[in-house]
Every structure is written in C-alpha cells, then in structure tokens.
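Okay, here's the structure, questions in a sec.
We just call them A, B, C and D in the order they show up, numbering each chain from 1.
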Amino acid sequence: MIITFKHSVTPEMQQAFQSKFREMHKQVVMSGLRMAVVGLDHCQFSDQESEVIEQIVSETPSYVQASRSFHPDNSTVQLPHSKISADTFTIMAGPCSVESEDHIRRMAEIARLGGASVLRGGAFKPRTSPYTFQGLGEKGLRYLRKAADENGMDVITEVMDETHVALVAEYTDVMQIGARNMQNFSLLKSVGKTSVPVALKRGMAASIDDLLNASEYIASGGNTDIILIERGIRTFDHKYTRNTFDVAAVPVLQKLTHYPVIVDPSHAVGFRDLVAPAAYAGTAAGASGMIVEIHDHPEKAVSDGPQALKPNDYLTMTKRAAALRKCMESWEN
Amino acid sequence: MIITFKHSVTPEMQQAFQSKFREMHKQVVMSGLRMAVVGLDHCQFSDQESEVIEQIVSETPSYVQASRSFHPDNSTVQLPHSKISADTFTIMAGPCSVESEDHIRRMAEIARLGGASVLRGGAFKPRTSPYTFQGLGEKGLRYLRKAADENGMDVITEVMDETHVALVAEYTDVMQIGARNMQNFSLLKSVGKTSVPVALKRGMAASIDDLLNASEYIASGGNTDIILIERGIRTFDHKYTRNTFDVAAVPVLQKLTHYPVIVDPSHAVGFRDLVAPAAYAGTAAGASGMIVEIHDHPEKAVSDGPQALKPNDYLTMTKRAAALRKCMESWEN
Amino acid sequence: MIITFKHSVTPEMQQAFQSKFREMHKQVVMSGLRMAVVGLDHCQFSDQESEVIEQIVSETPSYVQASRSFHPDNSTVQLPHSKISADTFTIMAGPCSVESEDHIRRMAEIARLGGASVLRGGAFKPRTSPYTFQGLGEKGLRYLRKAADENGMDVITEVMDETHVALVAEYTDVMQIGARNMQNFSLLKSVGKTSVPVALKRGMAASIDDLLNASEYIASGGNTDIILIERGIRTFDHKYTRNTFDVAAVPVLQKLTHYPVIVDPSHAVGFRDLVAPAAYAGTAAGASGMIVEIHDHPEKAVSDGPQALKPNDYLTMTKRAAALRKCMESWEN
Amino acid sequence: MIITFKHSVTPEMQQAFQSKFREMHKQVVMSGLRMAVVGLDHCQFSDQESEVIEQIVSETPSYVQASRSFHPDNSTVQLPHSKISADTFTIMAGPCSVESEDHIRRMAEIARLGGASVLRGGAFKPRTSPYTFQGLGEKGLRYLRKAADENGMDVITEVMDETHVALVAEYTDVMQIGARNMQNFSLLKSVGKTSVPVALKRGMAASIDDLLNASEYIASGGNTDIILIERGIRTFDHKYTRNTFDVAAVPVLQKLTHYPVIVDPSHAVGFRDLVAPAAYAGTAAGASGMIVEIHDHPEKAVSDGPQALKPNDYLTMTKRAAALRKCMESWEN
C-alpha cells in the first residue's frame, strides 16, 4: 500500500506509523509525505491515523525502491575504478567470452586504450543451444580478474545460476544478470543478498515495468547498487539487426527510476558495422555509459563473433562517443 | 555435425564411426542413415570414412534429440494415471496457487469431475513483483500431493529454482518449467538429470526454435520425458487478451518434434470468458491436451483470479472439448 | 460524446435531444438510454437538459456503430446465396488470383463441392513488390462473376483503390478490404458510401481497437453490412508461419461488436500443411466462417502458391470443419 | 531476373542485351556488370548470350532501383530551399495539422528560427477514428504554402488519396506518404508518376524490406526523388512510448539504399519529454535530418498535442542537435 500524508502530519506521527508497521514485520519505505508499506493488503487504520492520511495512492506497490517518487535523486554505483551515475559516462568493454589467459589480457589492454574502466568477459555463458561453448567457468573468472587488475580496471561478468553467486562474487566488481534470466526470480533474490553491484539486462520481451519490477527483487534483498542495461528487444524485424534497439528506453527509465542506465549496442544490433551508430545513438540519448564487445579476430571468436568490434573500430568508436558526450556536457551550462 | 551416410554403408561401418566418436567423448545420436555428433566442429574423416558419407547436413546441430528427423515416431510420456502422446488427450486442471489443504482438495474433486487426470497447483510462484504472494512452498507441495492421491490423479507443479529440484521431484509426477524460466539453462540442465517428466512452457518471446533448443538442454542430460506447452506469446496487442495465443504453434511443433504438445488457454488469454473458446481452438488444432486454471471463488484467488474458470464453466468447457476431440478421433478412420 | 439518460427521461425528451443535435448536423446514434453524438466536443446543455442526463460516459466516441453497447443483437450480412451471422457458418474459397476464365471456373466447381457458397479470387492484387503479378483487372472480375454465377455462388473480391470501387461493385457481392489497406481511410469512406457488403481484413499490426475504428469509417458512410476477418498478425516469430494466427481475436471481437467475424487460415499461417489445423481452430473458436485459398497446381499459381490447399485437402478440410461446427451447434441446446 | 556479366563482355554486347529486353517491353536497370530485367521470369538466352553471363543472381528482383548495388552513390533530393542527402542535415518542423492561417504562420516563424528549412503541416489527416478532426483540406494547403513562402521555406504535407495527388502536388515541395498508407500501392504508383519528391514513412509493422519494396512502387513509375522516414514501429511495449523508435534502421537503410533517411522522433515516441532525446539519438545514428512536430499551445492542438514540442523546447533541441551534427562532421577528416 502506498499512502500520502496530509501536510498537517507531524514527524512524530509519521514515525509512529513506521514503527507500528515494522513491528508487524512489514517492509516500509518513506520519502517525504509518501510512504509505501509492502504486504499491507487490507490496511486498518485507527480513526486517529486516518485523519492524517491524505490519500491511498495504490493498494499494490510494485517497484517502490526503484521509483523516483521514493528516491528523487540519481543514485550512483561506485566501483574501485569507476563511478556509474547520471552525470558520468562509463565504458565497459571486452570479449563476449573469456577465451584464454593471454587473449583476455590483450583484450583488456585494448579496452583500456579506448577509455574503458570496466572489463567484460563471460566465464559462464547462456547459450541458446546446449551444444555450443558454455564458458571456461572459474578458470575464466581468474583470467578475467587478473587481466583487469593488471590494467587498473573493474570487472563485470555474468552470473547465471544461484549456486554460482558466491563464486562469481569473489572475482567480480559487478554481477551481470543476462536478458534470459531477467525474471529468474531465485537468482535475483540471491544477488540481492550480496553487496556486489548488479547490472540487470532487460529481457527480450520485457516491458519497462517488468524490468523495474525485476530490479525490485534485487533491491528488496537489500542490494540497491543496481545498473540497468537496455540491450534491444525482440520485434517482428530481425533480418538486418538481431534485436530492435529501444533507444527511447533510456530517457523513459531515467524518468521512472534513479538507477543509472547504460546501453549494450552489441547485442542490440548484433552486427559489427551497426554497433558504432547504435553506440552513438545511445550516448546521445543520455545513457550513463555502454557495454560493448570487442575481439581481435572476431571470425575465430568462440561466441558472438559477428557483433564484436575489431580493435581499431572500437578505438574510433569510443573516441567519437566521447566527443559526443563532451558536446552534451556543455549543454547543462 | 550432422551427416548422412550413403546407402552403401554397412552396419559395421556405422558402428565403427559411432564407437570412434564416443571414445572422443562426443555425444552421438543415430537414426537410420543420419548421425549427429555434438561438438564435432572441424571433423576430420579418413579417406575411407569419407567414402561412405553422403552429405554433411549441418556443421552445428541444434535440437537433435527433439527433432523428428532423429526420432520419427511420436513419443509418449507415461504417468501413473495419465498417458500424454499424440493420440491421447489429457486434461490438467487446478488452481493457480495451492492456497490451503482444504481448498486444493475441493479443487481436485472438481478437476477430476471434468475429466482431468493431472492436478495442477503452484507451491513456488514466479511473480512479476516481489511484493505479491510467493507460494506456500513445501507445505503447498504436500497438500497438492495429498489432494491428487485422494482423487487418483497425477501432479504437475512448477519448479523455479535449481536448489528446489530434488524437493519438488519428491512430490510431483511432472515438473513444470515456467515461461520466464524457459531459458534458465542451469535449471533446465538440473531437471534434465532427474527421471521426472518435464513440462516446458514456451517463453513469452521464444521462437519455436528457442523452445526446441531449450528442450535440448533437458534431453542432453538424459531426460527425454518432455511435454511442450504453448501458452501465448507477447505481441503488440495485449488490451483484451494477456498474450496472443499462437494456436498454429501446435501443428508447427508436431511437425518438427516427436514430443507431445499441449496448450494452456488460461495464460494465453488471461480472461475467464475467453478461456473456453481458446481451449476449443487448441483442441481442434490437434493438441494432446490442455492445462487450465480453475477456482471456486476467483475474486478471492491469491493469484491469477481473472483467468480462472469457475467450476461450472470448467465442467461445461471440458465436456465440449471432449466432444470436439471425439469428433476428431473419427477422422482418422 | 456518449451520454446515458436517467430513467426518468421521457421518450419525448430524448426525441427533443436528438432533433436538436441533428439540426446542428451532428451524427446521432441512440440505443435505449444511451446516446452518442459525434463531434459534440464541448457540449452545452441547458439546465433542464442536464437534469435528465445520468452520465457523460465519454467525450470522444470511437467505434459507436460497431459497438455492442449500441447494437446488442448480432447483425447479419445477407448475400444472394449466403447468410453470414453469428449462428451460420459460411465457407468462402477460391484461388488467390483469378488466373484465367477456365481456371477460375474449375476452382469454383471445387469450392462449391467443399460447401463454399462464396467464390474468392483477386483481380486487383496488392503485392509487396511492383515486379510481381498485379492481377487481370476487369477481365478477372468478369471471369470471376461468370464462374460464380454458373455455380450458384456469391463473389468476394478485393478492391484496392478508390477509383475502382464503382467498377468492382458492379461485379461482386462482397468487397474485400485487404490487410494493407485497413487504414486506407479514403478507400474505407468510399466503400462506406456503397450498398455492397464489405469484408474488412485486420491489418498486420492492427489492434482490435484499430480494426473496429476502421470499420467505423465504413459504417459512418451509411454501410453497416460489414464482415470482419482475422488473418494473422505480425509478431517476432515468422519462420514456420507467415503470420501469427490470433485465434482469440474471434471471441474478443464477438464480445465487442455485433458484426460477424470470420477467419482466413491461409494468410494466417502461409503454409499449406498448417492451413487445416488453423481452420479447425478458427471454427472451434466460434468464427462465422472462413475464407480459404485453393489451387489445383499450387506450384504454378501466379501468387501465394505455398499456402493454397490442393482440391483433395480442401475437400477433407471442409468436411471436417463442418463436422466440428455440427458438433458445436448441439451445444446450445 | 538479376544477372552479372563476365568481365569479357563488351559494351556492345551489354547494349545488345538491353535493347533486346527493352523491345520486349521489359524494364531494365544496368549498373556496371550487373543488370536487372523486371518480369523476365523464364529467361531464354541464346548460347552466345549465355557465354558472357557470369551468374544469375536472383530470379526475382525486388527493390532494384532502391538498391545500392545498382546505385552505389548517395542520391540527393533537391528542393528550392533545402538539399537532403547523406552529407546534409535538414530540419522539417511544424504543427501536426494546419489549424488556421494565422497559426501556421506563427509556427513557420518558430520552425525557421530553429533552423528548419521545410515546413510541415497536415491538411488531409489520417485519423484512427472517423469522429476526429480530418483536416482543413485545400484551404489548409493554401495556408501552409503561404506560410512557407513568407519564410523562405519548402513545404512537406501528406497525401492520403490518389484522387488528391494532383491537388496536393500543386501546393507542396514534398509529398509525404503516411505510415498507414505505406502499402497503399495505388497511391504509391500515383505519386510515382509525378515529379514531386516523395517522403515515404515506414509502416508500423513494415520490415526494412517492405519499406524498400514500397519505395520501388514509386521509383518504378519514374520518380526516384525519394526520402525514407523512420518513425517507430509497433512492438509489445507501448506504455511509455507510442511506438518503438528503431534507431538502428537508419544505418541499416543507409547500407542497403542510396536514398536519404530521416527520422521522425515525434511519432516514434509520442510524448513531448522524450522527443528531444530521440531526436539526438537519430542525429547521432547518422540520419540526414528530422521531421518534428511543434505547437505553441499543445494542450489545444486539434491533433497529436501530447507529442508536440513547445517553441522553447524546440529551439533548445534543434540547437543541441545541430551541435551534435557539427561534432560528427569533424569525424570524417
């Protein structure tokens, strides 16, 4: 239940409400004159209490913690070497999969050269078919961590499985939840109990509300270090692009939530020559950064080769995206 | 790699191929002159071997075990009280959630009365928002099992989580994988290692190929007791129906795979008054059965009330669907 | 504006309202205590008038004429040899295009044999590419009419173009508006001024509301002899079917409107072997009939060969659909 | 049929081919060693001819004139005051509908102030419901032309109807074909016979191929002054945006065709506060310009008020888009 108080309410009265519901083991979120009480389905207020309630806004709160109406200021996700928030621009780059110790090191160097402060790479891979490469597992995590450390970078990598959360958490700075797991609620609850920041990818058929509700599974466990990723949705047209890059989701999400929003142009379009224009579009739409796939020999990549940028194209792209971002930063003045 | 042999190949030669690849720890599936070897990316055949190979059909096999080309005959899923196959028609019915011991017993009686041989009911519920009812857990499983046993019925219930597989398997005859978990590959692998039949629901944005590839994760673990469920897909029009019931998926799947296909009209349409026409449509399209939600007081249901059929409407619907099915059975003669 | 009157209103008062608005050249639709006045954006009622108004239901009426709330009884489209309504079942069959005088005659005979009372065939063809067959034009209309007359059948054929309306109207019993022209408002207005029944196909991306609003363009010209056709919508999955057959649209439309609804399984699925199951599904969902493409040599058809049923398959399909329908007719008793 | 010639072919031989097919009344398009002959379904070449043919690329040419493979250089649409091509950036702005002589004049002044060289405004409006404002007709065209002339601007306005083509052509510099009419083939053919440039909007469910095929209807009539407009497609998510802005369609189209591509952020997103970010995204993706709706009192607009930018927001947006474009122009060096 979401309620708003009358202006006549005193801080003591509000405090009393809050204490009462917490004693009932309800989750309570307060913001100014607005209060959400989770699980208070059939609320009984005393006459005295009713007098200070202005309105019952909604019987069923959904994404309370994610909502700007409870958290008007932009939130920031702070990593050792990166800060992700509305007024920063962070590049996360690396290969789709960690392929070898040597390869991820080379990729980290290139990523860094293009301005990335976060290294991506999959050690556990969600693949449509069971007969394709499934990732190097813990060995991959080790290589990835080492390559990042050597280059003064943070790590982002996917966790696919509740049973791997503790293991992945040991090696990474950000745990990524993939599009196919966006509504794997057990996994969401599990990462919500850690203190590792979580990057949540929008599912292929997930509405904006679905994405924010999924984030609430993480937040309701206590972990609100959340980054949202727009990575394309599935539509009727997938001949020339793998998905449809929903670039307007960036400002839509920024209006509804305080979590930072970044874009994944690689998965959104799926073909190398379209990644740069999509990255520029995402930048110009106001994203707080991007996550992008790179590979020195994409034709030999163990996964997603067709969408990986080659080093030179990546370096050109990031230089241009940075120029766009710089141009935009002057707008605020 | 999928290859076909020339007609001149001898059984001994085929056997030799198979042994060789198995020694290389490859998964091999044979069917007549067709052979799939999983993970044989750059196959090197001796000159002698090459001579008996007619054609390399595909470098990358995807859903081999699901495919009719490797398993031309319809497969059957046998439960204690039900048989699900191309030429049977099975009704699975029950409430969305197990609500209480008493309630699930009453629902089981009604389900049985309408001809259902499988009782459905959720004990672990995947809900869009974390602030809604999440299921009774093991207690729910116990009530469900008891209600089914008292009525000579089988049980189907959802497993959402790898860590619950063993627990759920203890109580159920069929483990359901929900639409949101269709590409939760860890969960699929986990149920694939059990010997409990699995009912796999099509994801909201899953193509037919995605569904069959997901089934392959289960089958590649050794469990081929698989039922596929069409339950509606997400499209641009969701004002008057919750999803778009893709009824043509029934004959499409029956052409591509030997697994039985059933329909879920409740989730497909999402509103009570549309469930019966959708159930008739699915029946007439040739489904091997249906799974349907019922509730005696839908307005008080803890989940999905709007789509639950009331007892009388359920009884009318099943009588009519049975009449349609009977009409169709005379066609084969 | 849609208003409802209080029970205290007298017939004379209602009459006075109606006269007043008609004098203001407004279109008025009445049904019991409900009245819609088109274009009455900022209505000013006298105090006396206000007293008998119960409620302003909506400022902006949309599909008033199509709505069941203004026309509770099912409407019937009567053709010389066919009657299309909620409680009849009409088969419309024929080739995609009229190919020759001889061919359409042969197809008419087969269509008739399968129980069709309406002959379909395109003389003006809307083709995705300008470099494909565009139809025989008036010659085609002549052949079509003759073939129908010789077999005691009605004619349905597509009109693509405002400038052809008068010509097509001369030859046909039903003018079909194709999916691509569903929101060609000039064309809709134009057929709305004739007295020839119109069969309106749902557009590929048209919501249910869009379809009903499009029908309103026809009805507001005075022609309410309207048949609605569900023919599949465009979704993310079009590998194994050309469109997604939205079979639940049949009961949805029947709830919202009094116009008869038929299905087009040929365009919905696009492949011959799926047409029959889709036709059965549409029949079982309660459609008032179907329109289906047939061809004796589909591999040589000038258009849409892959989805045309061969004569024998058509005859089997119609026999079975008729059996399903007969089974359903016993339900009402 | 599309063929490629061997390098050994002489210009005389190519010429002879061309003459032969033109005599057969076939449409022929040549580009280097590549030749498309429309409607040559079962081509019979003499032995001598066959000798110089390298390959039959395709039996069924589709968008030949639109294709870069027949027209590698970017094409330019030249208007009196504007030039639309790959390396220019044109702003088209104005109200959704022409509302009055005075209003369109004021809007033209604001549009011009923001750098627009083309004035938009609808005189014939395609509206979902027949009971909403349908446009001022010829009077609207007159006002629009006058307002543009007074401000040294070009005019773009929609033509909905074959019978209006000549009338609209008299007043406008660019004829716009709306999304709902993208496959109104009669209308496309009709504007294809004029010499007025045509701006073709992508339909709500139109694939990239559909759009290019639709353009071919215009081009095959002789008019290749074509501009393509991405304006959002219909997807499952339309709660916070009216459509899904497919920004990646800009580089996709630029790869496939030589026609200039612009974006329509207003219709793509449908809500004022999202128009600017979408406009920036389209600019950064490389569009050749944009068409945008403005209104001084959007709450009183006769159509599409919610998506119209207010004058100040429009002026800020265009200044910023121009800055982004300028930033991008430095990239080529």
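We adopt the following convention: a residue touches a chain if its C-beta (ideal position, glycine included) is under 8 Å from a C-beta of that chain, and two chains touch if they have at least 3 such contacts.
Quantities reported herein were computed from a predicted structural model and do not represent experimental measurements.
Contact count check for A-C and A-B (C-beta pairs in contact): higher for A-B.
Residue-number overlap of contact pairs with A-D passes half for only one option from B-D, B-C or C-D: B-C.
Remark: chain B and chain C have CA centroids separated by 36 Å (rounded to whole angstrom).
Measuring from the averaged C-alpha position of chain A to that of chain B gives a distance of 32 Å. Note on chain placement: the centre of chain A and the centre of chain C lie 47 Å apart, centres being C-alpha means. Along chain D, residues 205, 209, 233-236 each make contact with two or more other chains. Those residues of chain B that touch chain A in the complex are listed here as 27, 38-39, 60-64, 126-132, 160-163, 180-181, 183-187, 189, 203-205, 209-210, 213, 216-217, 220, 233-234. Against chain C, the residues of chain B that register as touching in their complex are 205, 207-209, 233, 235-237, 239-241, 244-248, 250-252, 255-256, 268-269, 273-274, 277-278, 280-286, 320, 323-324, 327-328, 330-331.
Here chain D touches chain B in the complex through residues 234-236, 238, going by the rule given at the top.
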